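Take a look at the structures listed below.
In what comes next, chain A is part of two complexes: it sits with chain B in the first one and with chain C in the second one.
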Partner chain A sequence: MGRDNVIPLIETGIPGFENIIQDEDTGMGGVPENTTSLIYGPPNVGKSIFCYQFMYNGLLKNEPCLYITADYGMKQLEQRTMDFDWFLQNYTTNEMLYVIDALSNFSGAKKQDTNTYKLTAVHNPTDLMVKVGLGTRFVFQKSQKFRSVFDSLTIPFAFNPDKLVIRVLKAYTKRIKEAGGAAIITHTEGSVDENIESLLKDIVDNVFRMDGNKISTEKVVDYKKLESRYKITDKGILIGMG
Partner chain B sequence: MKKTHIPKLDDLLGGGVPAGSSIMFCANPGVDCEAFGYQMLNGLVKEGERGFIFTNVAEPDSIIYEFDSYGWDIVSAIENENVFFVDGSSSFIGAPSNAKYSFTDYSETEDVVLKAINDIPDGIAVINNLSTIIDYMGDLETVEIVKKWNKAAKENNTTIIYIFTEWDYEDSMVKKLKSSVDCVVELKTIEERVIVGQGFMVAGASWTEPLDTMILFFVIQPGGVKVYIPKILVTGPYNAGKSSFVKAISTKSVSVDRKAVGAFPTTIAMDIGHLDYKGFFADIFGTPGQERFDLILDVLSKEAVGAFIIIDSTAPQTFARAKEMIRKTRAEAIPKIIVANKQDLEGALSPDEIRDKMKLSKDIPIVPAVITEGKGTQECLDALLKLLYGD
Partner chain C sequence: MLKAILITSLFDLLKKKEESVDYYIQRLYELREEEIETLINLGAIYAEEEKYEESLEYLEQALSLYKSMDDEEGQAYVLDSIGDVYLNMRKINTALEYYREAFKFYSSAHSVSAKEEMLEKIKEVEKIRDAVDIVDKHKSKSDEIPPKFPVEEEYVADFKKISEKLEELIKIIETTHIYDMYFKKKDAMEHLQEAYNISKEIGDEKGEAALLLMMGNILLKEENLRNALRNFSDAHALYEKMGDEKGKAISLLLIGTVYFILGDMGKVSASFRKSVEKFQELGDKHSETLAIDLLNMLYNE
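What follows is the complex of A and B.
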């Protein structure tokens, strides 16, 4: 394929990402735009941090983000991103960040919906997709270039039949792609059967595996598959530095 | 007949639902379908009926909270033992349950719901959600369970309502499920890259020949399911024929205009009309075409579900302006028809030439028209309805 025909990349905000996917002409790294990516690996290897970095980099570039948090609630999301000096408050105030919180209801926290903060329940996929529909429309109207994160599938898998989670994921990725967005989905390796894991990989366009030391590209559209070492610092993930 | 308490639905169903029948609200993912079941139960309980909600997607407390946010009092009905829960949710998330029935194993679903049906003769049962049962129990097993529940409901004269989210299931299974109930109401999304609206339509009912009409709706809290009168936008450059088009397609219309000094009267604020065509009704908003009124385009275009872009086929110099107006009215994101007006005049470009000059994608229909003679207007409406609802 000629270089003119490859899908352009969008910056992830992760330094050194060019070691994973690189535009040969510019030398810049990123994920192919309007595609969906699965990041999987064992627990605590930085998958969520990848998501924060991807979301925050978009917000800095005026690209709104539809963020589905299913492993922890909104409060923890704000606290965890604050650890890296990424402050979300301004972006919630100016409605660039649209959060679907699938966990706070579940944990008994009493919160109220706002224009850009919607509560749902991890075991109610129908309601989750209603919120995804509303959220996609909201961010799309702000900017036709937007990002989305689904972090993670672990709790949805724990509280729903596996097949249903796969169906939801198909509906989610279709919705984001039709609207022109780029999505990152995270999944904890080994939390479901191998055949379900391979179905997951089939649904998305790109697959990355993080193991705590190395991030590798298992599948990517239009670009070469590469891998590199990474480390987690107080500034987030750094690739190719260790 | 029992009323559904969903606006317009009783009209489509010939007055309501016969007692003892089964009705399935079958929703595209993204449609707010739970409210349909809850609203029907709430309305009937208010009329003195008894009922239950089977849930595998939310705990009873969450459902009580939801009823409250719609402004419906279910708490008194629960206290009076007119309504109870069959809780197939709490134990799966490790929460305690004080529902009348609850279970810890999915294989108990069938029997527990049968017991509940027998508890409320002449009552109303809401099953939310069928899709979770399918993926736990299997396709064929679920169809069999639904048949057994329907049989028990019929014997007890209990009306049973299924909420079903139609994920990517096998067509044959979906067909079997739909044919095992007395009535199917399809809840659909209207999309143009994103969801721009929601509509319901009766796909079939065993007791009547339902009206073939799509009713657009929205769900609000408080309030529940409300019929939505959609807004259709008519826009395009100055002097392309927008006001004439609004008049031509409307049963009633008003033009807020002022005769400008000059050859043509021009719209300075908007044209408003009401369309009633093949069972589809909508409010029509025509925008002004002059750039000095661009500030109000944003306001006029908010929440529109479809658009007609009127262009003067003899004036290619205005096409760039037409594209600018598509952008300013955010019509890129909704279904739209290009109305190639003034086809009777000399020098009028054909739809293909217009598509080429405007660099329009093939998905956007261009309909030739002579609005002043009423030519092409019906084709325009048909083309938009096709985009909104499919074939």
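What follows is the complex of A and C.
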């Protein structure tokens, strides 16, 4: 493959990940720019931690993030990231982090919309997508280089017909890519039937599987497929350390 | 030879005559049926054009013909139609008398389903009458009996007030809660339209139907009745497709409201009746009460 045709990479901020997908010429690694990636695997293997790390690293580099939480609310997001010493408050205040919270409404938590925090409901995909549209425009205006996370598809699948969630995902990835962003989407393996899982993998550009011990690339644009061991520490995920 | 031929022809003629009695009786019956059908159609057209006297005249003629044929089911059908005309004229008590008469004939003719439908229609129209009576009693400050329906007065709708009432009804549908904040925005219609386009894109039929109702209500408020009716009808079709009984009942109420403003009382009655029936089937007292409130408001504007 010619060097000129290779998609540039963006750093994930996850130590060791840069060795899994690496530009041989520059030695730089990360995920291909302006692509969408699915991270899937069994429950509790670190998929959400991967998302926090990806988001936080972008924020540190002044890349805004559009974050969709569908499995937990804003409060939990702040608490969980704080466990790794990643503090979101500043980024919320300076409007670098735009959160669409699809769960707090559902769980009855009393929250109010702000410029960069929007409540929606997991069983109301149209409203979710309206807010994705608003959020994408907002982060794009902040910076043409931005990140997005959709964590995760498990609850949307539980409350909506499978095919509707697939169409939501298609619309989401289309909007992020059109605006020039890079997105990570997570999914719990086995929560839908194989055909739907296979459709999910077709929609995105890159597919990574995490199983609690190793992370492997099942599909990746322009780069070689590799796998490596990983572990979860109090500093987040470390890849290739075991 | 010639004599033999003449005798043969006469027998042929007699034979044909004998055969033609049944034929002409049947033909006569068909002609009467055709005449009645024509009279009923004329009655319907005149009712549609709000020429109620002419409508009643033709329907009475149809009724006489059915009487002469001793056709009970036919009589019931025409009596029901005459009742509809009186309902359109907002003469609710007269309409009820005709409906009750129709019910008797359907019962006598053992038309079970028609009889049941008639009974439901009577119940629904009685509810409308009772609702009007309650409000009239509250309004009446003198001993005089107030006129129940201002037949001669032209109906003037308070679109803002009706729209507010419909908003209450739309909010009964769970899916609409989340879109409530769109109403508060300056360009509510624009926001709703954007959401509607997205719902179509992702195939979210629940969202699509809810948004159609909400946009329809804004159109109604803007007195754009035809488009409001189209939105409500499209939403009803979607709820029907999804098998969502509550959504169907709400959209029928909204459809009925537009027909009320347009003055098409036959359709008003059908829509409201079906809607209230659904709420009763669902055991949804809250929605039923809101529906009756709406009727109260409309009939006492």
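The rule we apply is simple: the second predicted complex is superposed on the first by the 242 of 242 C-alpha atoms of A that agree within 3 Å, B and C clash if a C-alpha of one lies under 4 Å from a C-alpha of the other, contacts with A are read in each partner's own complex, and residues count from 1 in each chain.
As a working rule, contacts are C-beta pairs under 8 Å (C-beta built on N, C-alpha and C of every residue); 3 or more make two chains touch, one makes a residue touch a chain.
No experiment lies behind these values; they were computed from the predicted model shown.
Undergrad: So if we stack both complexes on chain A, do chain B and chain C clash, or do they fit?
TA: Superposition result for chain B and chain C: clash.
Undergrad: Can you tell me whether chain B or chain C touches more residues on chain A?
TA: With both complexes superposed on chain A, more residues of chain A are touched by B.
Undergrad: May I ask you to decide whether A:Asp127 touches chain B, chain C, both, or neither, giving the answer as first, second, both or neither?
TA: In the superposition, A:Asp127 touches chain B and chain C alike.
Undergrad: So, does A:Ala171 touch the first partner chain B, the second partner chain C, both, or neither?
TA: both
Undergrad: Between chain B (first) and chain C (second), which does A:Thr136 come into contact with in this model arrangement: first, second, both, or neither?
TA: In the superposed model, A:Thr136 contacts chain B only, not chain C.
Undergrad: Tell me which partner A:Phe159 touches in the superposition: chain B (first), chain C (second), both or neither.
TA: first
Undergrad: Regarding the shared-chain residue A:Gly180, is it in contact with chain B (first), chain C (second), both, or neither?
TA: first
Undergrad: For A:Lys47, using the defined touch cut-off, is the partner it touches chain B, chain C, both, or neither? Pick first, second, both or neither.
TA: neither
Undergrad: Hey, which part of chain B ends up inside chain C in the overlay, 202-210, 220-228 or 382-390?
TA: 220-228
Undergrad: Of all the chain A residues, which ones make contact with chain B and with chain C?
TA: Comparing the two interfaces on chain A, one with chain B and one with chain C, the shared residues are 105, 121, 124-127, 129-130, 133, 163-164, 167-168, 170-171.
Undergrad: Okay, in this complex, where on chain A does chain C touch?
TA: It is residues 105, 113, 120-121, 124-127, 129-130, 133, 163-164, 167-168, 170-171 of chain A that touch chain C.
Undergrad: Show which residues of chain C lie in contact with chain A when the two form their complex.
TA: Interface residues on chain C, with respect to chain A: 175, 178-179, 181, 191, 194-195, 198-199, 201-204, 207-208, 211.
Undergrad: If we count contacts the way the header does, which residues on chain B are in touch with chain A in the complex?
TA: 27, 29-34, 56-58, 62, 89, 92-93, 129, 131-132, 135-136, 163, 165, 167-169, 189, 191, 193-196, 330, 332-333
Undergrad: Enumerate the contact residues on chain A facing chain B in the complex.
TA: Residues in contact with chain B: 105-106, 121, 123-127, 129-130, 132-134, 136-137, 140-141, 144, 159-164, 167-168, 170-171, 175, 178-180.
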